[in-house]
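Right after this note come the structures.
Paired with subunit B in one complex and with subunit C in the other, subunit A is shared by the two complexes that follow.
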Partner chain A sequence: MESGFGPKIVWDSGWKVPGLEFLGNFQITETVTVTWLIMIGLIVFSMLSTRKLEKIPKKLQLVLEILVGSINNLTAQTMGEDKKSFAPYMGTILLFLAIANLSGLIGLRPPTADVNTTIGLAMMTFTLIHFNGVRKKGIGRYLKEFTEPFIPMLPLNIIGELATPISLGFRLFGNIIGGLIIMNLIYSALAGLSTALFGPSALPIFQAGLPAVLHVYFDLFAGVLQSFIFTMLTMVYISMKMD
Partner chain B sequence: MNNNNKIKIFQNLALVSQIGIMMIVPIVIGLFIGKFLDEKLGTGYVFLFIFLVIGVGAAFINLYKIGMRDQKKK
Partner chain C sequence: MEQITGRALILACSAVGAGLAMIAGIGPGIGQGYAAGKGAEAVGRQPEAQGDIIRTMLLGAAVAETTGIYGLIIALVLLFANPLIGLL
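And then the complex of A and B:
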C-alpha cells in the first residue's frame, strides 16, 4: 500500500523507448495483464461457443443468440435502424467494460481503474464520432457545423467537442477507482479492527462477510451501470453527430 | 413500443448523469489552455481569463445541445 492505489508494475524491461525517454522505463502493469486475460477469455469464449452452430439452437447457442439479439436491438433502437452496423463495436465495448468492471469481484484489479484504459476507450469513441460525422455529411458540411449558429462560436464548439472524450473517460475512471479505494480502505480498517480486538496474530475474520454488501454496490451495481452508460453515451454521441 | 420507451428512458438517464461532468470539463480545458498560453507568452492572466470565459460558454453550449437533442427531430 506504500505505493498508493496505482496499478502494480508486473514487469520492468529496464530500457526506455527511443524518442520517448521522458516517459521512463518500458513497463507492463497489472492493467495490461488483466486486459489480456479478459481478451483471452472473450476470444476463447466466442470461438468455442460459435464452433458448432445448429439450426435448432441448444442451451449455449440460445444464450448467445439472446445476447447478440439484445445488443443488435439496443443499437437499432438507440441509434436508428440505419446505423445498426455499429452493433458489433458497441457489443464489444459493452462486454469488455462489464467484465473489466466486474473483475474486481474475483480479486483482480479492474483495468478500468487505470485512466489510460478509460481515456483510450474514450479516444476510440471520439475518433468514431468525428470519422463518421465526416463520412456521413462530407468534410464541408461537417466543418461548417462548428461555426453554427454564427462564426464567433468556433472556439466554443471546438472546446465543447474536446470535452466529450475527457468527460467520458474520467467519469468511468472516477467511478471505478473510487469504489476500489473505498474497498481497499475498508479491508485494511477491518484488518486493523481484528488486530485491535484479538492481538496482532489474529486472523482478520471481519474481512469475511462484511464487505460483501459493499462489493455488490461498488463492483456489481456501479460497474454494470457505468459500462452500460459508457456504451449508451457512445451510441448517442455518434448518432447525434451523424444526424 | 413499450421496449422502445424503456430504452429511451435509459438513454436519457445516461445523458442526465453526464450533465454535471459536461459542465465542468470545458471550463477546466479552458483553464489549462489559458494557463499554458500565459506561461508561454508571459502575458499575466489575459489568456487565462479569455479561455475561462470561452470554457464557460462551451459548457453552456454542450448543455443546450443535450437539452435540445429531441426537439430537433420533431
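And then the complex of A and C:
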C-alpha cells in the first residue's frame, strides 16, 4: 500500500539510532525542514524589526506594537491580569501555528499536517498545565483536586486529564490534514478533467483559479481559526488548573 | 467463483469502515449549528457584545468538533496506515 498523504522524506541518513532500531532509519521529513524555515523566518523577522526601536514609532514598529499589544490583551482577558506573564509563550505558539497553517498557501506542506508536530505542542501544553498547577497550589492541594467531588471519581479525573493533549493535538491535526487531503483530491480531479477534455498532453488549466475559493476556506479561514483555538484552549486549560 | 484473498477482504472492509466512521460528522454538524444559532440569538439581543460572543461561540464550536475529528482520524488510519494488514 502506498504511503498516502504523509510527509515526503527529504533526507535518509541510512543508519539507525542505537537503541531505537525498531523505528527504522533516521530520516528528515518535510515537516522538519518547513518547521525550521518558519522558525528561522520568525527569528530573523523579530530580530530585524526590534533593532532600532524609537520613541515615536514608524510603520513596522507600529504594526509590531499593535500585534504585541493585542496578544497581551488577549492573554490578560482570557487568563486574568495575574497570569499576564504567559503572554510571550501564547504569542509564540499563536504566531508559529498561524504561519505553519498558512504555509500551505505558498506550496509548502504545513508542518501541522503531521501528527508529531501537533501532539508535541499539545504535550507542551499538558506539561505547562500540570507544572503550573503544582507551582500555584502546592502538591497536596493539586493531588486532592483529582478526588473531587468524591473519591470514586479519581480514575475518571485522571482519564479526563490525559484526554486533554490528545484532543488538542488531534483537533489541529485533523483539521489541517483534512483540508490538505481535500485540496489534493480536488487538484487531481481538475487535472483529470483537463486530460479528459483536451487529451493527455494538455496543460491542467482548470487548476488555476478554481481551487482559490477552497484555499480561502481550508487554508486561510480554518488555519487561522485553528491556531487561535489551540492558543485559546491552552490559555483556558492553564488558568483553569491554576485557579 | 474467484478466490478472495485475506488481504483483499481486509482492504474492502477497511474502506467500508472508513465510510462508516465518517458518520461521526453528523454530531459536530448539529452541535455547531446549535452553537451558531444561539450565537446569532445572543447577538440579536445584545449587539454591543458581538466580539465576545463570536469568540466564545468559535471556542465552543471547536470543542464540539472534536468528536467529528476523531471519526476522521479513524477513517484516515483505516485508509492510509491500516494496522489490520499487519495481523495477516
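One rule holds for everything that comes next: the second predicted complex is superposed on the first by the 240 of 243 C-alpha atoms of A that agree within 3 Å, B and C clash if a C-alpha of one lies under 4 Å from a C-alpha of the other, contacts with A are read in each partner's own complex, and residues count from 1 in each chain.
Assume a contact is a pair of C-beta atoms (placed from the backbone, for glycine too) under 8 Å apart; a residue touches a chain by one contact, two chains touch by 3 or more.
Predicted model only: the values in this text are computed from it and were never measured.
With the two structures laid over each other on chain A, which partner does A:F5 touch: subunit B (first), subunit C (second), both, or neither?
Second partner only.
May I ask you to decide whether A:S167 touches subunit B, subunit C, both, or neither, giving the answer as first, second, both or neither?
both
Per the contact definition in the header, classify A:N175: touching subunit B only (first), subunit C only (second), both, or neither.
second
Could you tell me if A:F146 is touching subunit B, subunit C, both of them or neither one (first, second, both, neither)?
neither
Could you tell me if A:F45 is touching subunit B, subunit C, both of them or neither one (first, second, both, neither)?
A:F45 contacts neither subunit B nor subunit C.
Going by the contact rule set out at the top, does A:M232 touch subunit B (first), subunit C (second), both, or neither?
both
A:Y89 in the overlay: touching subunit B, subunit C, both, or neither? Say first, second, both or neither.
It touches nothing on subunit B or subunit C.
Of the two partner chains, subunit B (first) and subunit C (second), which one does A:M240 touch, if any: first, second, both, or neither?
A:M240 contacts subunit B only, not subunit C.
Kindly classify A:Y187 by the partners it touches after superposition: subunit B alone (first), subunit C alone (second), both, or neither?
After superposing on A, A:Y187 lies clear of both subunit B and subunit C.
Could you tell me which stretches of subunit A are touched by subunit B in one complex and by subunit C in the other?
Correct list for subunit A: 167, 170-171, 228-229, 232-233, 236.
Residues of subunit A touching subunit B in their complex?
73-74, 77-78, 153, 155-157, 159-160, 162-163, 166-167, 170-171, 228-229, 232-233, 236, 240, 243
So in the complex, which bits of subunit B are touching subunit A?
Within the complex, subunit B touches subunit A at residues 3-4, 7, 10-11, 14-15, 17-18, 21-22, 24-26, 29-30, 33, 54-55, 57-59, 61-62, 65, 69, 72-73.
Sort out for me which residues of subunit A touch subunit C in the complex.
Those in contact with subunit C are residues 1, 3-6, 167, 170-171, 173-175, 177-178, 181, 225-226, 228-229, 232-233, 236.
Taking the complex as given, what residues does subunit C use to touch subunit A?
Residue positions touching the partner: 55, 58-59, 62-63, 65-66, 69-70, 72-73, 76, 79-82, 85.
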